Structure formats: C-alpha cells, structure tokens
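Shared chain: chain A. Partners: chain B in the first complex, chain C in the second.
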Partner chain A sequence: MPIWEARGTEEEMMLEVQNLMVFFENALALNDFEMEVREGQVVGVIGSNSAGKTTLMNTLSGLIIDMRIKEKRRGGQRITVYGKIVYRGEDITETRPTERVRKGIVLCRERHPIFPESDVLQNLRMAGYLRKKAEIRETIAYVFDLFPALIPLKSRKAGFMSGGEQQMLAVGMALVARPQLLLLDEPLLGLSPMMQQILVEAITHLKARSGITVVISEQFARPVLPMIDFGYIIENGMLTLTGTGPELMDNPEVKAAYFGV
Partner chain B sequence: MLLGTLIYGFVNSAILALLAMGFNLTFGISGVANFAYGAVYIFSGFSAWIFLNTLGFPYVVAVLAAILLAGLMGLAIYFGVILRIKGMPLSEVMATFGLGLAIMELFRYFDFVGFRYTLPVFFDGSLSIGDVYIDYQRIIIGLIAVGLTAALYLFTNHTRTGLALRAIAQDERSALTFGIDPDLVGGLSMAIGCALAAIAAVVILPLGTIAVEGGYEVLINALAVCIVGGLGSTVGILVASVLIGYSQTFTANYLEPHWMMLVSLIAIAIVLVVKPSGLFSHQKELEERI
Partner chain C sequence: MKKRKERIDRGIKVRAQDIFALTSYREMLYLLVPGAIPVVGLLCFAPMLSNYWREVIISTAIYALLAISWDMLMCAGLLSLGQSLFFGIGSYLAGSLNHYLGLPPILTIPLATIGGGLICTLLLLPVLRLRGIYFAMVTLVLPLMLSRLVEATRILGGTEGLTGLTPFPNQLTAVFLIQIVLLVTLFGFRRIKGSDYGLVITGISDNDRSVMSAGINIQWYKAQVVFLGASVGSFAGAFGTHMDMFAGMPGFALDYSIMPVAAAVVGGVGTFFGPLIGAFILVPLSEALRALGALRIVFYGLFLVIFVVGIPEGIFPYIQRKYQQVERWVDVT
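And now, the complex of A and B:
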C-alpha cells in the first residue's frame, strides 16, 4: 500500500516554537510557550478546557492569522501574536494558513469539522483541494483502509453520521491534504471509549506506516499518554510540565490531575 | 388559451430561474446578498449594446465580452467593497444597493434612455405548438435555463473548484484548514454570480428594450424567487421559479397584466409570514438579512 513519504529524516528538528504569546485583546491565551517537535514523533499537548490548546493549534496552523485579519477588517477583537515558529528551518510565524497547508502543516479542528451537507466521498475530495487527482485517489483508498467503517458510508451525507464516524472522517480528510505535520485538536472529544481506541490505534498505525509527525491535543491524558513520544502539559496558557510519555505517566502531579489517582 | 398560458408560463419560469441563479449562487457560497445584482444585469445589457453598436464587435464577441466584463465587475465589487465589510450583513446590503443605485442612475444621467437600446435576438423566427406561436428566442431562454442549471450542478459537485465553493459555503474556517482561501472563493462566487446575471441579460433583454427601471424589477424578481425558494437552495430556486412564473403568467392572462408585478411581492410577503426561511432552506439568518 503506497502512502506519501514524510520528507524529513528521523529525529531531525521539525518544529520549534519560541516564546510564543497570544493575546485576545488584553486576555493572555498563551504565555511564553516553548515547544520542540522532531521528525516522526507523536507529541501530546495535554490540558483542561481553556488551557490554550486550541489557541496553540490555531497558531501552529496559521488559522489565527486569518482570524486576526477578519477581526481587524470589521474592527473587532485585537489578536496579537508574539514569538517565533520555525518549521524545518524556516520562520513561518507570519505565513498564511493556505501556504502552511502547501508546506504540509495540516490541522484537524476540534469537534469533527466536516462539511455536513456533502457526502463522505465529496468531503474527502474537498480536503484534497491542493493535491493532485492521483494523490487524492491514492490517499482516499488509504483512508478507507485505515477506517473500514467509512466504506459503507461513502455516499452518506456527513451531517447524518454519528460523532465517531464524523471524527474518523475528519481525520481522514486531514490525511487527504497529505500532511507532513498533522495537528489533531482534541480528536477524542465526546467519543465513546471504544471509538477513542479505534482512533488511537489509527494514529499509531499512521505513524508506523507513513512516518508523518503528529501533534495531538487532549484533555484526556489516559488514552493519549501511552502513544506519545513527548508531552507538554499546559494550564492557563502556561507550560507546567514536559516529559516523555512514560515520565508523565509516572509523575504524581499528572496522576493526581489527570488520572484521578 | 390554456396551452399558450402553460407554454408561456414555462418560459416565464425559466426567465425567473435565470434571473435568480446568480444572486442565489453568490449568497449560497459567500453569504453576501448582492443588491447590486439588478444593476449588473442592466450594465451587461448596455455594455453588450455598446460593444455591438458603438464598437462594432461581432455579435458573439460582444455577448462574450459583456459576460466577461460582468465577471470582472463582480471581482472588483468583492475586493473593492465587500471585503472591507464582510460578515456585517446590513453593511453588505447597503453598500451593494448603493453601488447598484449609482450604476443604474449613471446610465440614466448619461441619457441611456429610449427604444433604440435593444439587443438583437439569437435567431429570428417562430414555431407553432398546436395553435400557439412561440418565437425561437423564448425557446432558447428555456433551453439555456435548463442547460445552465445542469452545468452548475455538475460544476459544484464534480470539479475541484466547485467542491471548494461548496466547502466554503458550509464551513469557512474548516475549508481554510485544507488550503481553500475564503477571500479567493468569495471573489469567485461574486464573479460567477455577476457573469450569470450577464448571461441572463443577453438572453432575456432581446425580448424588450434595455431600460434602467428593468434593473429594479430584476432585483425584486430575483429576491422573490430566492426568498420563496429559500436562499442558497438550488432546488428551492427551481421550484419557486415555477411557482411564481406560472402565477405571474396566469395572473397576466386571466386577470390583468399590470397585476403581474404584484405576484412576486405578495409571494415574498406570504413566505415571510408563513415560513421565513423559505420553502427549501434552513437559513436561519434570513429574517435578519432581508
């Protein structure tokens, strides 16, 4: 089964986030955030609601630049971003989101961001907007291979599917955009434990098969910590803890806050 | 009499569908209610006339140039005006309506008034069905309305750009995460909408004269069809065109022709009272928009 190759060499630095600060008007959403992601890693960002996970994902994917432009146009909230994001040696702090997708940074937004009025196949094709026809066909086959449950739903309107099915589709759509760096924003939110398991397995499988790099944000530490190479725990926009998956799992503070032990 | 009414009712429905198509497409994709729509329609009529008579272009070239010019005008309106106020429906309506008013009244100011402003028909002649005579131009209107509907369906469901348009229509921010640029697509939707207005103009205007007042009438008819059918819904547009089209023709033939204009206004009133979102749409913002 052919799948696109991630270009970078294993262990090389892929993404560096330096002194990142994000303000919405005067509210500080991210404060002095630092992060490193190496090629081929799965990196977790764990935090509770309003910790700044989504803001981080939007900043990494560049969505925040678009939000800033839109707010400015209509004289709304002032959004300010300080700091630096370096992707494969290139400063992308001010790069527009469409350009970042071209470079291989693809975000899967929280709460299954699918196009409800189009069917599954159309959804997948929409996601391949920037890719060649042959590539789209190839990746769609791969997505169906990864999530066989989607095959019988091919011509179902996406809005009529269950939350779990929508989330599988959302991850599939992000894959059709052929990411080098896949950003998953709370992919397990609102899913049953069984559905969570299917997604976790798919992500692990994905990593082994294509070598793409994944940054995953979650509130639930339990399903995520075992699969990550490195994790960042944030609270109120601040980094509180970092470490490898096993290190974090053994940490008493993490146990208390996220495992209820 | 009845057969004639049925045939002419169908042509009238086709005319309404052609008029509403562009307005509906722009709104459905970018959420912008383009109130300069009637002005673009009249602008295209006059520009085709100028290309044909003042500049002496061949007929086909003049028509294509007018359609292209309308598309460019749509882009200019989007990037020059709408982009600055995007997301504020009331401002969008006021700005486009003001712009449309200015365009139409400028034509009046420069004395584009009179019976000499007509476009030629595509083919001369007529056909008889039973004892009903119908000219080729009206048949062509029907064919083009059906053809354009099919073409638009294929375009939005089976091409990369068409799918991008639909993606933006459903969720702008998610579309952006796949590299689809909302500004680009919004501009495109405006350009296609205006080009469709121009197509309607060059096909329909040969039936009468190009008059500034026609612009207001076109806007009201397009609005009526879109409100009755439900803004943004293609099926709704077709059903509403047939409903209003036949009601207008029956009113004209069995009551009085000058009551025809009332039909669309009454249709708007009834639908806004009974089902404000339109027959085939779930657009909740409609009450706020119009």
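And now, the complex of A and C:
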C-alpha cells in the first residue's frame, strides 16, 4: 500500500534528457548525454570516477543553476549547460532547484549531506519543510520502517553517527520530501558490502511500496545492476552503453570493466 | 550551431611562465609592468601633488597598510575586525617612547613596530584557537576595552592623550617613508604568500585539520601570521602618531577597523594588491565627497554597494583575469 501516490501512470515518460552538454570552463563534463526515464522505473547511471555522474545529478536537480550563478559572481569557472530536460512534458532546463523540489524532483547528494549538529529527528523534519505536519509524521514512520537501524538513534546528533547510518538518514531525508522522482547520488559510497546490501534492499522495497521513480548514480555496478530496470553506462561524460539490468550484466565489456572477470 | 564563450590564457602569459621569458623584451615587459605600476605611481606622483593631497595620500597609505595587514590575517582564516587594536597599540607605544623617554622617531617607529607586533600577538594568543565570528568578536572588543581602560585609569595621558610629539622633519620625508614601507610590505607579503610558508597559511584557512594531520603546529603558524599583520598595523599607528604629533584614544577608533575591511573587500581579498587598490579608491573618494556635507556617507555607502555587487570578486582579481586571459566564441557540437 503506497504511502504517497506517484502521480503518473506506469510506463509513461517521466524524464527526458536531450543532448545534454555541461562545460566547466573549458572542460567538458557531460557530452551529448541522452536519457529517458519512465514512471515507476529504477534507472541506474553507472560510471567510474570523473565520468560525470555527479554533474548529471546536479543538472537534473537544478543545483547547477545555483553553482553557475555563484561561480559567475565570484569570477570563477564559467559553467555552461546546453540541451533540454523535459519532466512530465514540461521543459525544466532553467527551473530553479527549489521549484524542482516542489515538482517532486528530490536529490540526495553524495557524501552524506546531513546537518551534523542536529539530531536524527530534527534532520528528518527539516527535510520535509514543504510538507504538512501529518504527512511528515507519516513519512518519518515509514523511514523508520525502512531503516530500523535508525530507531535507537532518534535523538543522536547526526554528525556523530557512522557513515552507513548517515547515508540511511540522507536517503530518509530525501524521502520525507515525498519525491516523485528520487535522485540518489552515489548512495553506496564508502559503505561496507553489508551496508550496501541493506541500502539496496531498502531501495527495492521503496520501489515496490511507493511506486516512485528512482535514478541512482553509482560506481559499484555489482550491487546496483540486479535491481535496476534500465541502466546507462557513462565514461568521461559520454554514454557508452545502455540496456536493461540483465542485459548489462551479461555484457562482456561491463563484466570486464566493473566485475573484474 | 550553438556557441560558447571560451576563456583561455594569453600566449604571452604561458610563454612568460617559462625561462624563455628572458629572451624577449615583450615578455619581460609583460611580467614587469604590473609590478612596476604601484612603484612608479606611488614614488613619482606623490611629490607632484599639493600639500593637501599629499596629506590625503599619507592617510590613504595608512589605511592601505591596515588593509594589507587585515588581508594577511585573512589568509590564515583569521577574520579580524580589530585593526584599530594594532593601530592603537603602535600609536601609544611610539607616543610614550617619544613622550616619556624622549626617543626620536627614527627609533620609536621601529621599536613600536616590533613591540606592537609582540604585544598584539600576546593579547590575541589565547583566542587563536577560535575561528570566524568568535575571533572577530574578540578582536572587535579588545580595542574598545583598551580605550575605556585608558579613559578610566587616566594612564598615558587619559582622555587628553600624549601631545607635542616630535614631528617628521618635512612632509616629503613622511610621504616617501610610508610609501616605501607600503611597497616593501606589499611585495614582501606577496612573496611570502607565494612561498611554501604561504601554502601552509592558506592551508590553515582552507582546512586546518588536514594541516594538523601533516604534522604542522597550526597555532604557532597562526601566531606568526598575527605577528606579521600586527607589526604592519603597529607601524601604521606609530607613523600616524608622529604625523599628527598626538597619541590618544582616537587610535582605537572604529574607523581603523572598518575601513580596511571595506578596502580589502572592494579590492579583492587575499591578493594584497587588492586592499591597496581598494584603499586608494575609497579614502580619496571619501575625501572628494567631503563637499557634499551630510550626504557624503550616503554616496560613499552607495559606491561601496555598487563595487561589491558589480565586481564581487574584487577589482584586482578582475583586472588580473582580463590581463592574463582572452575570451572568444567557439562552436559547440
């Protein structure tokens, strides 16, 4: 029974990325990137370091607009974005990040983006700032249901928790905002294989239960590939391979590069 | 076809970074001209000015020194709002050495420079562990406290201050003295920042825990930086004292704390050239606006806002970028 309704119907086009190019000054971070996400899918973006995963996530969530303005004011790197991002039939390429959160696109940034000085409950409540109180209470109960390990830590300062607990909290915070499209940037970074398994299971469970759409960027292909509906493999900002999860797992190139077989 | 503006280094900049720079006059000029501008500008123009504007140049240079000293502290991540502490201590030291012991300026100024640096470092030593706003609070309060202390205990002349100090032999000596010190400080600090020592200092400001992990005692380095900054500030104070023939509570005035910060922000933080440019814009500007009477502060504030909003990176980094880089349109495919 879903806790909040995904608005679209299954198999409808949710997010379309067309000819996306991102320059950081003269360096090309994303080159002619194309991507399609359908409602209810879990989509993986797999690539090694410096492949452009984080840039893609920042562009999808709109954070790059803020970065662009800040850099311009400081006279630093000039960030240029070309291409088009269409979300549910609407061009959101120039939409501000706050607006995108209202539309349901929520990003969980890499490296445990939590408020270290606040405790777990405060963190979760803060993340649900746009929602009604009752909704927040409901989703927080759901998050604790999803990550039972967080329950005994409710009043612990978030900065004093372990990396895995912080990552669970970060994913939980993204959920409290009740996303339609959840963007997870390297959720498995720095976690032990067991922790990774817990998170992957939680994401699978999340998909089954709430029907929201998830885009995961990750460099660990082994735990991620089995759970995704569709995968994109990028290298140096270029799309090299696409396919469903099983297809990618059977691909010899992927095997050589990501499984070390 | 979409176009993108590309920023690239000028060829002459790339070549001039190499040893081959020495083979061509053009490249040597490219390297030397920016550094020569303040030297020529300060040393050649000042004697040509009228007495009044020489006076303005002197007070500008004092503020520029304070701004450079602020910038030095800022390099180590120490946000100071109390340049008047350095100024006041230097001023009182030089004043009392001259007033009570009868030493001439040629001795009081160096003594006040070194002694002021030491005293300020000792005063700030307990709070060196603090960063950001906490350090700023303490530095803001210390000069106010000291000026009240002088007022309450009536030491060092109390509210009247020490008067009748030895002046400089003539105005031109004073102008050249402060300008030479200003240039030495400017280029000296820039050299320090470019060296490995400067790297450690910048590292402390960026991430002090990483610097600690490299086995470097950051408190010791911070103390050294405070000594450098405080010495320069104290020199400005000692010089100002002999200029006005007076040492007193105005030395701890808030002006000496706020103006350097404004100058550094307008000129560009962390470059040392920037604060100098900022001071040489703001102080003469405030003098020139004197004719406007009460509206002066309004226009002055307006100029500040325009600078900060228009060129937030600072004037100097902007000029530097334009000097070293070209922009051109390229096709994106």
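Convention: the second predicted complex is superposed on the first by the 259 of 261 C-alpha atoms of A that agree within 3 Å, B and C clash if a C-alpha of one lies under 4 Å from a C-alpha of the other, contacts with A are read in each partner's own complex, and residues count from 1 in each chain.
Keep this in mind: a residue touches a chain if its C-beta (ideal position, glycine included) is under 8 Å from a C-beta of that chain, and two chains touch if they have at least 3 such contacts.
Everything numeric here is computed off the predicted structure, so don't read it as measured data.
Peer 1: Do chain B and chain C fit side by side on chain A after the overlay, or clash?
Peer 2: After superposition on chain A, chain B vs chain C: clash.
Peer 1: Looking only at contacts as defined up top, I'd like to know whether chain B or chain C touches more of chain A.
Peer 2: Result: the larger residue contact count on chain A belongs to B.
Peer 1: Touch check for A:82: first (chain B), second (chain C), both, or neither?
Peer 2: So A:82 only meets chain C here.
Peer 1: Which partner does A:109 reach: the first (chain B), the second (chain C), both, or neither?
Peer 2: In the superposition, A:109 contacts chain B only.
Peer 1: Taking the superposition on A as described, I'd like to know which of chain B and chain C A:63 touches: first, second, both or neither.
Peer 2: It touches chain B, and chain C stays clear.
Peer 1: For A:122, is the partner it touches chain B (first), chain C (second), both, or none of the two (neither)?
Peer 2: A:122: touches chain B, not chain C.
Peer 1: When the two structures are overlaid on chain A, which partner does A:38 contact: first (chain B), second (chain C), both, or neither?
Peer 2: neither
Peer 1: With the two complexes superposed on chain A, say which partner A:25 touches: chain B (first), chain C (second), both, or neither.
Peer 2: The second partner, chain C, only.
Peer 1: When the two structures are overlaid on chain A, which partner does A:101 contact: first (chain B), second (chain C), both, or neither?
Peer 2: first
Peer 1: State whether A:74 touches chain B only (first), chain C only (second), both chains, or neither.
Peer 2: both
Peer 1: Looking at chain C, which part out of 135-143, 171-179, 243-251 or 315-323 clashes with chain B after superposition?
Peer 2: Clashing stretch: 135-143.
Peer 1: Using the superposition described at the top, list the residues of chain A that contact chain B and also contact chain C.
Peer 2: 73-74
Peer 1: Within the complex, which stretch of chain B touches chain A?
Peer 2: Touch residues, chain B against chain A: 83-88, 157, 160, 163-164, 166-167, 170-171, 173-182.
Peer 1: Please give the residue numbers of chain A that touch chain B in the complex, ascending.
Peer 2: On the chain A side, the touching residues are 61, 63, 66, 70, 73-74, 97-98, 101-102, 106-109, 113-118, 122, 125-130, 173-174, 177.
Peer 1: Can you list the chain C residues touching chain A in their complex?
Peer 2: 2, 4-8, 311-313, 317-318, 321, 332
Peer 1: Using the touch definition from the top, list the residues of chain A that touch chain C in their complex.
Peer 2: Residues 21, 23, 25-26, 73-76, 78, 80, 82 of chain A touch chain C in their complex.
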